[in-house]
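Next come two complexes built around chain A: one with chain B, the other with chain C.
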Partner chain A sequence: MTRPRLGFFKFSCCAGCEFQTFYFQKHPAETLAAFEIVFAKMVLRGGAPEGPFDLALVEGTITEAWQADELKKIRKSSALLFAIGACAVNGGIPALKALAPELEVEGKVYKNLSPIHSIRPHPVDAYIQVDGYIRGCPPGERDLHEALTSVLAQKKPGFLRCAVCVECKLKGNICILTAYGMPCMGPVTNAGCDALCPTCKRPCYSCFGLMKQANAPALAKKFRSLGLSESDIRRKFTLFDADAALFSKADKLNED
Partner chain B sequence: MKIDIDYIARVEGEGSVKLEIAGGKLKSLKLNIWEPPRFFEGFMAGRKFDEAPDIVARICGICPVAHMVTSIRAIEKAIGFVPSDEIVRIRRIMSLSQIMASHVVHLYVLALPDYHRLGMITGLDAEIRRLLRMKEVLNGVTAAFGGRALHPVAMVVGGFTKLPARDTVGKLISGLEGIRGDAQDTLKMIAGFDTPLLEPETEHVALSGDASSGVIISDCGLRTDEDAYGNAFEESELSYSNAKRTVVKGRGSLMVGALSRLNLNLDTLHPTARAAAREHGFAPPVKNPFMNNTAQAIEIIHCIEECITLLDALTGKEHFVRPALREGTGSAVTEAPRGLLYHHYELNRKGVVEKADIVTPTAHNVLSLEEALHKLARENLDLPRDELVLQCEMLVRAYDPCFSCSVH
Partner chain C sequence: MYGNGMTGAPASRISDFLVPKASFFRWLDSLRESFSVVGPVAEEDRTVFREIASADELHMEYASTMLSPGKVYLYSPREDLFRISFGKDLTIEEPPRSPVQRIIAGIHACDTHAVFYLDRTFLGAFRDPLYENRRSNTMLIALNCSAASRNCFCSSMGAGPFLKAEKGYDMLLTDLEDAYLVEIRTERCRVLFNADATQSADAEVFRRKEEKERSALRTFTKTINTDGLDRALRENPEHPVWGRTADERCLSCANCVMVCPTCFCHDVVDELSMDMKTVRRYREWDACQDARFAEVHGGNFRARRTARLRQFVTHKLDQTHQYGVFGTVGCGRCITWCPTGIDLTEMAKAIQTRKA
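Right after this comes the complex of A and B.
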């Protein structure tokens, strides 16, 4: 049997997803040996960036125009394309730039902005259709494994679509939000981390991104009752989701 | 003739080298780091002090711990919080685990394939097994104290939100003891490769022996405190690269990282590491940047021992104190896997970051690397094109650059 051809592409990010995929997870040798690595800059010299690929994994936020063109090319040469990591899925940390006027942020870093060609940061699905989302910063091992093995088994991957709270309950943790009044983002954050932060006795900071249909306004209200200021609440909802539409809902509620 | 190495594979981030050769002479050489800027220093303004370590971790997928430890140190200085000795020790354990893990990834996955003239590590089964054995133990140390190995969560301003149980610490120690042989084998393997001769002039800079001293020294007599960093170093922007370039004020290029640390502090290393260095003929001053690989392998031997000693001494008592807020400014310099890392923050009385400044190891190294590439190319123009390209790439990889960090 021929092995599926894998391409790994990095845009604006820390490259942590590529490293997570290749040597942080527990079964890298077994899973990855089943793929033919055709392009992955961080581990392979040479390779064929033009594909074709059975699976393309794309990490990073799109922050320069050429990246959007590149992304469209990758889409055309890939049978399946998954966005991997908070940057590619939600915009992640690089999208924080979008919260303030562009030139103001850029001017704090570079005196001469003429060689800088940044555009407003967006996740990859702002430009192309995506076949799946491997969430998290860094991506959780469960979803990563599910993505790779599903491609091998030629089935649709079943990614976790519930709140961190579900995983937290399954672990038998005491709720740090209700019991200790810690401003935990767990109720609105997509699962996949095995409730890591609450298990470490610190509030979840939403590195897996806001989950679909989360009741953000209700959590914002709860945070207000704990004494958080409007700007603190705004910061909590924007850390990994500055580009998300859901955030604006929480923001609206903050105003009344 | 123009040689354009579009992207240098097997390094962290994105950069290229462009050479122009005319009439048998090197006309120009440019290291262009085209990694897109993410503007961390720009969007950090307006964020809360306790978010800062979690944000800066995302500068780098290989050395998040280094960024976290440095930002926490700077922020705690800004608010006048003094961590307990135990907390300082655990942070050092975190840093050591990161330095080792980063070196292991660099030596095996990034550098090694070149010496076998391979595109990637696949096929070198014994080496892959050794890499995975070491990586699993080292990730285990970072994860035990940080919650997870990549972008840890339990390390915060004020200490650690949770500590591992005593028997976990015991397991970490026996894990580290178990990879002592692998570390020796790694050094043997690296020291056994032929290294191209190259001795560029540059200033080697590192923290003085005590890693938490914040005192920066060099082989040209520099001695300065982390608070006076700005008086000793200068950063400038380049038209052809997104990474800024740092020099020692009034002098020029500098090199940071394992080679510089060993050149300046070899006598402070653990006896086994010193013995290993002697055995493989590593005697400072070592000017050849290709020897940075050997230096990293020696450091792994040392870090295992230092890490075991620190783990042994843990009391497991107080690990978190909620810090009180005040307005302030703080600077910190630490040794990241790739060398000197500088973080500086200005906080207002609500604990909101007003200004952030970050200078990474690769920003410190970039001019030295460009100069070394220049020298390497000048001295090897007669090589076949493919071989010259490979040598240039191997030199870039020997510096172990992190272009993502350098641009941030």
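Right after this comes the complex of A and C.
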């Protein structure tokens, strides 16, 4: 059986997803054995960035024009393309700059702006069609495994779409939002992390991004009743999802 | 339907004892040699059901726990069903049935009724072998409640605070300050019961039990009128309370479903190994509040949040045709653990009084 040809591409991000895929998850050796690695900077010198690929995994936010051009090329040379990680899926941390005017953000970081060609940040599906979303910062074990094995088995991956609360209850954690009034984002956040933070008695800060069925205004109202200020609430909803919350997907976040 | 032959032959004679608490707990402790004893234990400021290493750990005067012992120890949040291996031949391997003999001590009346409800699902038309194994290997020591918690409405549902059923569990305790009234319900429990300093319970003890029940009943603040309730809900699928509650308050987080002791839905998941040689098939609790739940090829029966919220509430308060009983035991968990405090009894009231 020929192994699927895999390409791993990075845009603006910390590269944690590639690290997770090839080193940190539970099955790195099996992953390397199951796929033919055609391009992935962390495991292969050189490689063939032009492809073709059976599967392209793309991490990172699109924050520069050349990245959008590159992304379109990857799409053309890949049978399947999955966005991997909060940055590629939701905009993630790099999309925080969407909260301020571009020039203002650039000026905060760089003295000389002439070599800076930064654009408004977007997740990859703002530019290309995406076949699957492997959420998380970094991705959770279950969805990553499901994505890779689904490609191998040539089936549609069954990603988790419920709230973090479901995983939290499966573990029997006492709910820190309801019992202790901690501002947990679990009720609106897509599952996949196995409720990592609430299990450590820390409120979820939504690194897996809002789930599609999230009722963000209702949770914001709850946070208000706990005494959070408007700016605290806004920060909570924009930490990993600034682009989605503010612009392109606002309509999808509130169903009905 | 409860009983199902799962809890041994009915007691040849009912055995009722007055047992000093110290002596009761000594007896319970002695059972740990051959049983895994699970009971209410105070952890930080909450009580959870878990296995005890000593009866000293028990906190019997507990308020409702977040998860019911029946759902965790008889059903199980997540469990392996079987493993398929694709070798030269295809083999299917089931995990061995757990040999654990367990006692669940201190299970409230509502939660005992919730076990009867799970029995209807898992020991009904289809007998689930995993549930059946655990159910028959588990003795239930039920406990009558002395006081209601804020959201309890079991008294409206006939499921508490005192347990009226006489079958389907092994022993019933009533707290009489320094002693328990112990009512033994099964032969297997009668054989096992050898606490010291017991007296047989006389009419005076049962008079004290009645008094306790009356005082427990006085502590209820939440009620629901079940008269014609199922019909009222069935006739009002478009009542504004559904949409309003769904839009303004429901987060689709599914906490209500996960904590509900009668919610029995699960998803079946296949996990393929990277070498494509084995599949692990397991099940885990699923929730109708997740939009994915009612999704089928080409559409979704409950794409709207309103429809999902209504599904949960009507399964509890309307769907009596499923098993001939209401789907709620009135434990109040879905109210307590809903982050926005959505209260199905309030929704029912709005519909019953036809208030918009």
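Brief remarks follow.
Just so it is clear, the second predicted complex is superposed on the first by the 244 of 256 C-alpha atoms of A that agree within 3 Å, B and C clash if a C-alpha of one lies under 4 Å from a C-alpha of the other, contacts with A are read in each partner's own complex, and residues count from 1 in each chain.
As a working rule, a residue touches a chain if its C-beta (ideal position, glycine included) is under 8 Å from a C-beta of that chain, and two chains touch if they have at least 3 such contacts.
These numbers come from a predicted model, not from an experiment.
Superimposing the complexes on chain A yields a three-chain arrangement in which chain B and chain C fit side by side. Shared-chain residue A:T2: touches no atom of chain B or chain C. Contacts of A:G172 after superposition on the shared chain: chain C is touched, whereas chain B is not.
Of the two partner chains placed by superposition, A:Q154 touches none, neither chain B nor chain C. Using the contact criterion defined above for the overlaid structures, shared-chain residue A:Q129 touches neither chain B nor chain C, since it reaches no partner.
By the touch criterion stated above, A:N215 is placed in contact with chain C alone, chain B being left untouched.
When the two structures are aligned on the shared chain, A:T31 is found in touch with chain C, with no touch to chain B.
In the superposition on chain A, A:A100 makes contact with chain B only, while chain C stays out of contact range. Between the C-alpha centres of chain B and chain C, as viewed from that of chain A, the superposed structures give an angle of 110°, to the nearest 10.
Comparing chain C and chain B on the residues of chain A they touch gives the larger count to B.
In this overlay, which is a superposition and not a single complex, chain B and chain C have their closest Cα atoms 14 Å apart.
Overlap of the chain B and chain C interfaces on chain A: none, as no residue is touched by both. Per the touch definition, chain B reaches chain A in the complex via residues 7, 9-14, 36-43, 45-48, 51, 54-55, 58-62, 64, 105, 109-110, 113-114, 119-122, 128, 131-132, 135-136, 139, 147-151, 153-154, 156, 161-162, 237, 239-240, 242, 355, 393, 404. Taken in their complex, chain A has these residues touching chain C: 27, 30-31, 33-34, 145-146, 148-150, 152-153, 158, 161-163, 165-166, 169-172, 174-175, 177-179, 186-188, 211-215, 218-219, 221-222, 255-256. By the touch criterion given at the top, residues 44, 46, 48, 66-67, 72, 77-78, 246-255, 258-259, 269, 271-276, 284-285, 287, 289-292, 303-306, 336-340 of chain C touch chain A in their complex. Across the complex, chain B is touched by residues 10-20, 22-24, 26, 28-29, 37, 41-47, 61, 63-64, 67, 92-94, 96-97, 99-100, 104-112, 115-116, 118, 137-138, 193, 196-197, 199-202, 205, 207, 232, 235, 239 of chain A.
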